[in-house]
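First chain written, first letter: the chains are A, B, C, D, E, F, G and H, and each begins at residue 1.
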Amino acid sequence: MYSLASYRLMTGNEAVAFAVKQVDVDFISAYPITPQTIIVERLSEYVSSGELDAEFVPVESEHSALSACIGASLAGARVFTSTSSQGLALMHEVMYIASGMRCPIVMAVSNRALSAPLNIHGDHSDIMGSRDAGWVLIFCENPQEVYDYTIQAFRLAEHPEVLLPVAVNLDGFTVSHSSEPVAILEDEVVRAYLPRRERPRLEFEEPASFGVFALPTHYFEFKVEQEKALRKAGEVLEEVSAAYPNRSGRLLKLSKFNEDGRIAIICLGGTAGTVRHVVKKYGMKDFSLISLKLFSPFPSEELLDALKEAEGVVVMDRATSPGAPLPPLASNVAASLYEAGVRLPLMSVVYGLGGREPTLKMIVEMLEKSRERIGEGGPVVSRMYLGYGGG
Amino acid sequence: MYSLASYRLMTGNEAVAFAVKQVDVDFISAYPITPQTIIVERLSEYVSSGELDAEFVPVESEHSALSACIGASLAGARVFTSTSSQGLALMHEVMYIASGMRCPIVMAVSNRALSAPLNIHGDHSDIMGSRDAGWVLIFCENPQEVYDYTIQAFRLAEHPEVLLPVAVNLDGFTVSHSSEPVAILEDEVVRAYLPRRERPRLEFEEPASFGVFALPTHYFEFKVEQEKALRKAGEVLEEVSAAYPNRSGRLLKLSKFNEDGRIAIICLGGTAGTVRHVVKKYGMKDFSLISLKLFSPFPSEELLDALKEAEGVVVMDRATSPGAPLPPLASNVAASLYEAGVRLPLMSVVYGLGGREPTLKMIVEMLEKSRERIGEGGPVVSRMYLGYGGG
Amino acid sequence: MPISKLADLYGREGLSPGHSACQGCGATIAVRQVLLAAEPPYIVVSPTGCLEVISTPYPFTAWRVPWVHVAFENAAAVASGIEAALNVLERKGIGRRHKVIVIGGDGGTFDIGLQALSGAFERGHNILYVCYDNEAYMNTGIQRSAATPPGSITTTTPAGKRERKKDIVSILVGHGSPYVATASPHLWKDLTNKVRKAQSIEGPTFLHIIAPCPRGWYFDPHLTIKLAKLAVETRIFPIYEVENGRYRINYLISRPRPVEDYLRLQNRFAHLLRPENAALLEEFKRWVEDRWSQLLKMAEAFPA
Amino acid sequence: MPISKLADLYGREGLSPGHSACQGCGATIAVRQVLLAAEPPYIVVSPTGCLEVISTPYPFTAWRVPWVHVAFENAAAVASGIEAALNVLERKGIGRRHKVIVIGGDGGTFDIGLQALSGAFERGHNILYVCYDNEAYMNTGIQRSAATPPGSITTTTPAGKRERKKDIVSILVGHGSPYVATASPHLWKDLTNKVRKAQSIEGPTFLHIIAPCPRGWYFDPHLTIKLAKLAVETRIFPIYEVENGRYRINYLISRPRPVEDYLRLQNRFAHLLRPENAALLEEFKRWVEDRWSQLLKMAEAFPA
Amino acid sequence: MFLEILFLGRGGQGVVTAGRIIAEAALRAGLFSQSFPEFGPERSGAPVRSYVRISDEPISTRAPMESFDVAVVFEERLLGPSIVESVRSGGIIVLAAESAPELPRSDVKLFVVGARRIIEELKKPRSLNLAMVGALCSVINTIPLKHVEDIVGRRFGEENKEVVRRAAQMVVSVEQTA
Amino acid sequence: MFLEILFLGRGGQGVVTAGRIIAEAALRAGLFSQSFPEFGPERSGAPVRSYVRISDEPISTRAPMESFDVAVVFEERLLGPSIVESVRSGGIIVLAAESAPELPRSDVKLFVVGARRIIEELKKPRSLNLAMVGALCSVINTIPLKHVEDIVGRRFGEENKEVVRRAAQMVVSVEQTA
Amino acid sequence: MSRRPEFLIPIVFEAGNTAKRSVASWRSNRPLIERRLCTNCLICWIYCPEPAIFLDDAGNVQIDYDHCKGCGICAEECPRKAIKMVVENV
Amino acid sequence: MSRRPEFLIPIVFEAGNTAKRSVASWRSNRPLIERRLCTNCLICWIYCPEPAIFLDDAGNVQIDYDHCKGCGICAEECPRKAIKMVVENV
């Protein structure tokens, strides 16, 4: 049994900061960038007021932020950082290093579009552009999930069979800046959920060398081992979430709505809520919704299972992979279907780039279009830009 | 008709530098990193000796290198840079900006593994980790291709319907450091192939603002326009390569060998040569080879065409996409097959990470294994780490 | 030719109205003055920050001169590229040299852009780098920068910043720059003439301009120029120039006004004036005194 | 407690033999001396570069002390993280403070790592940053860095570098560091005592050590220590320290040896001694003189 | 019940805070709520919006709001035609003003509150937003005013409760003639 | 014809250049060639390798070489057991030495050249690699020595041609007894 | 030699076109110049952040009310106190 | 509280283990100490880059030939000229 402290109105960013305070992190280093900045500000306040006993290092760039986090993590600290967009892109190099050095850092990403042109609004290009960096990638639909998943992210990251960094993604503005009720746990409950675990660390008495140079004789093995750990994280997640005190806040790999709908909509992050709203409000029973919480390791199996009854699938990507046959999420879905030998009509939808937040009308339009395209012997794969005004 | 100046023994890196000299670039900015450094060194020498009339700006980091290139490109110059691995990762943010600002920069990437652990040897993780940045991505098999494709890259990049940066990839060490005969063109022939073309630029008389801020009202359209231009580059390439004076050096999207083999091996970069050698030397008629030259925009159509007769396909990735169902190349191939509704047994091979260069024996082993797995009612998708020693 | 009266500047506007800076934005005043003085042909480069965001919401631009923004951390690198490229294009007869003027905020200059700046100065590019210093990251909502003065409250230093302000002038003098100077928009004649001078010198030059920010310093927008003046007259922001390593104090403040006159008007310093924070106020004063006396000594050891 | 004889250092080795530095590597000598002097407990951080590559080919390490490498540009940021994290872990009773010592090459310090360094110094972390200066990027095969002296040939300056060496000491003094010093491995006593001193001072301190590199400077490996000595005695590499802004020249070279004695032994300078390059040689000498006289003036204006 | 509310004021006037207070009060009243600002760079002086949804069911949509049940406008100058347009038929406008302007629509209810006078009288020059929340609360009548008072008291000091109360009392309905 | 050749010396001795010279000479002789160094960080003094392939057909493989037709060893100390092992049966070792060491294999031909003496005598202390290329060329006998001489003359000065010639003359076959 | 491409590109070719936008709605207070006090010294102009001050054809300093945001700097800095700020009417 | 994970991780736990590797093959010249000249002053040791110089149990300076690369610094710097370099035999 668990006990909820209470409900509080929080934005996604505030939910992150609050969770991070409760997990008793030791070290935070981050750099301001819209729409993530509020996380940094709140944490500065917690540290400054003494509510959180941690070091907050206000570095001079995101490259240094993640670098400082690696140093702190290797020194044995529980570490948190956060960023968005250009900041994440500037960390790109260091992200691979954090995972390669097996640092259980948790990072919140308030997702935002990448320049050029500069745009401060939401989309998933930032994290998708670094999706190969070997991090566990979690997506949240609302501040409640942000809160719950941030806490669980620490347990997952620090699990001795995982030891990998985790990125908790929240849509820039639509989740990061939206104030909503969040059920929070008592501090002690959170602490109990997250006992400290030992791992190798920098100390004079047991001198080890970290971040060594690997010749072709060894590199491949390190990388495969790391890939395995990431896959393992998928299994460990089940244990991590099963142990989470607030049952309704457990981090499942995906959540389903209206399972009987014959057309499945697959979606990451906040937009899933809008789709759910539309399906519910307009009684569009044809459609089921799969809100994917775990993007990496990609839960192919669970996804295929969720698609068992589907006649077609709409995959909503809030990012592009220019030049590739399909954008990131659709590409993973197609690969999973291909592997399973399932030939499901797939409509790949790119939406919401640079904060073009889907309106209800747009979602309805997308659903209608998918009905047209799916199931009438249409193409296996079709494409759509949702809300795009150009030619 | 064209005239070859002569054959010269050149490494891949030297072939880049020589081509860049011949195309009369105006501006070079780069930062040393193994195994790309020789390119920078040779170009410094050309500039210093006066053989090349260009500015060489020896910046203090790769982030600045590509930034300086953007500045120079917007000032109207023909621009070149080169990098590898950590350097490319450090440019990540700026790569998206270069394409978003539509700068026709040509960059050579001597591909190398990404840290951690640090490794200076060849693999494709670096460029694959930035494959969403909207660049045209070309892969070369040997110094000859490096030379020819570098020259063609400029014409493609600067084409008024493209105006996008192009990355020319050569395997670190195995191509970048291998000296081989290269047929070179006369300087004048190269110049004639690459006339200067006008594009918007920074100048006091026609003051325009570059790199502006786009609200949600406009960003989506810019990005779609950019994606279209990248797709367009695939078409333009045909014109660009058809015009290339050395017929045998034309940049085709892919090259085929032993087309009748029932199992197709798809491969990027230098390893294609080793596979070809094995197939030829050991008379393994079962196998055809598709050496892919263009990775982005991905030539799905041409690839499907090349696979028409295949009974199975082996996709060799020299990079991983940890946590994804398939590594980058296999993922694109699977998406293409899925879209075409073709259900071909696919063996995804990850090889050569961190310079674990495949030996002939390893290639043979891979081919044998693929025979076992493909065509006997085996799984649609199977996986293999080639040359991996771990469990 | 030196600027002696406002009529010399009128009609040379480089920035259009209609931008979206806050009411009373000091940075915008500073930038206007820089552009009024700058001699064509030139190209302006800006890093990300207030100036960039307020001036170019597509499809609009406030810039009447060629302008480019690439990212937050690389303005000096972009400027290096433009400068060097135009050198060779002029040599080849397919372009001409422009003076490249970077105009960036303190965050893009003191922190995330410092390395690019240092590199450009080390390589000796012919650029003028202007930093409008509003003493925090304003565009993202008032976070600490290395230029934030000690004691100042920002959203990342809720109890006041502990560290001193990074001495960017010394750092750039240490780079061997031929001309480094400070300026304030209330001294428009000094400022605009320094722009001319800096622009006329071959090599990398630097102008550090105080730019009061009503939003980030929490003061009433009509006080912007007043505050710039107070910063100078309290010796908090000394006005001087360093030419080839030789120092000249342009405004020798012999009888400084009390720093409290300056602090009082801004909510970011409100706590410093509370009795319980007397030590912090002392610390602030010590910082001001140390810098001033250091400056005097330098001017003595290396006189202009 | 000060080090007075070699026996005080013997047996404190922090680096094992069996690493793969070149024959006669000056950097390795410098690093050995630093570690012989350093007082436990400490942690070493290195950026990418020769030192890192020669010392840790998995599954081997030459380091007998805790050591970490993360990337090329971020050693000071990594050090900041370790230092700050151990502060809080000690406070929480689950760890203890260590002095963090960064040891990096000139490229990782003057160029690509400068911003992280500047940030760490501005924030005032309690770290000792040691730069072994072999005056180019050696690990990647001898390319120009901001520390490469004027005239020197590298693979990216085939005709000799035009710019002067970046004055890192002035720059860090400009950051308000409480202790910045230079050293040479031939003066082992001075060097090791400076390490102790720097380590004992709270806050960010810096040690700049000349590290002759036979491969990159093109000299015979047995001359490494000789060259370090010549660099000092020609005034090319002055030995001094700056404590809280106050200068002390530790080796006042009243009668400098001709710079030619130093240049002659190294192929990177061979062209400077050719008659047709007299102007370049002059330029080099001017640089040496300018720096020395600047140093004297600073020592006079800000005496220890 | 499903209410969509717009707050419209200027950077610096606490428009976002107003939205949060009402959302929090709704939460206390056992309702579900969501509140978010206009997304974008905010500059002092520029017109600024914030949005609130209140419902008796969980709110999952994050779609932008294009029309409203209630618009709360902090200054008469800001009540332009497009704002008036954006209020749904049968909806409400709450305006800070001393006297009532003419509205071009009759299917919208206009309420006016002398918010500036209230805050001047109570010497709370920075509390315009609190006055507007009080007025709104009284007008929509789905959230007990006490919740708003409590929140305001806790977050901004007891003295500010009076601002809320006074505004709630003083807001008046204006009959439209158009 | 398909020859795989190893050069083994020390960092600083021009091992890589040696490989390139022979590859270039092969090119001039109308053959195909490929030459590459050992990939990795090179330090002065450390043992260093380079590799050459020569063929009468285009060379497409980039597989690492694990065994060789010819091994050219710049110093007797470097001729360890693993090197001797790596030479194919019927293959050749060319060694810079004054006298012939014992080899543990008899299916390999050993050639010795007094390369150090030659360069000393000709006062070309940095030309050990050129001597070794000369010796190799003479031993494998598929590339006219003239091509090597030309390349060396052009790249390193006429005086060095003599190093090549002399080494080509002086290299001697050693009969193995083991 | 600049050539505008036919496709959408994130460049604004029309220099200074924010002048076409009004920011009058930002203003709560309006500066009024008292003509008889004003010497047209241009001090207000050099300190205006917009700039929303210009010389009319007669050479008199004028406020551009489409672009004045009402910050009050001009009023504060006018050496002749020739500008006063009044509350903006609707 | 360090705990070694069971999987492969790029950390070397055995500090200073390059000492187990020989780099003797790097050496072309070998330093020889002339015992009677040597005062065990340790100057050679402080300047050796490896270090390949140590004190034996008797307190005498010795060369560690597994780790000496033969750079010759010791011979150059020995104040008593007690070290000479000789060409390495096979």
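The rule we apply is simple: a residue touches a chain if its C-beta (ideal position, glycine included) is under 8 Å from a C-beta of that chain, and two chains touch if they have at least 3 such contacts.
These figures come from a predicted structure and were not determined experimentally.
Comparing the chain pairs F-H and C-G, the larger number of C-beta pairs in contact belongs to C-G. Distance from chain C peaks, on a Cα-centroid basis, for F. Chain E and chain G have Cα centroids separated by 32 Å.
Measuring from the averaged C-alpha position of chain B to that of chain E gives a distance of 57 Å. If you average the Cα atoms of chain A and of chain H, the two centres end up 52 Å apart.
Residue positions of chain E with contacts to 2 or more other chains are 39-41, 45-46.
Among the residues of chain D, those touching two or more other chains are numbered 20-24, 52-53, 55-56, 58-59, 61, 63-65, 69-71, 73, 94, 111-112, 114-115, 118-119, 122-123, 139, 146, 214, 221.
Among all residues of chain G, those that touch two or more other chains are 1, 8, 10, 12, 15, 23, 26, 69-71. Interface residues of chain H, counted against chain F in their complex, comprise 23, 25-28, 69-71, 88, 90.
By the touch rule above, chain D contacts chain A in their complex via residues 40-43, 45, 52-53, 55-59, 61, 63-71, 73-74, 76-82, 84-89, 91-92, 94-96, 98, 115-116, 118-119, 122-123.
Across the interface of their complex, chain C is touched by residues 1, 10, 12, 14-23, 26, 41-43, 45-52, 55, 64, 66-67, 69-73, 75-77, 85 of chain G.
Against chain B, the residues of chain G that register as touching in their complex are 1-5, 7-13, 15.
Per the touch definition, chain E reaches chain A in the complex via residues 19-20, 23-24, 27, 32-37, 39-41, 59-64, 66.
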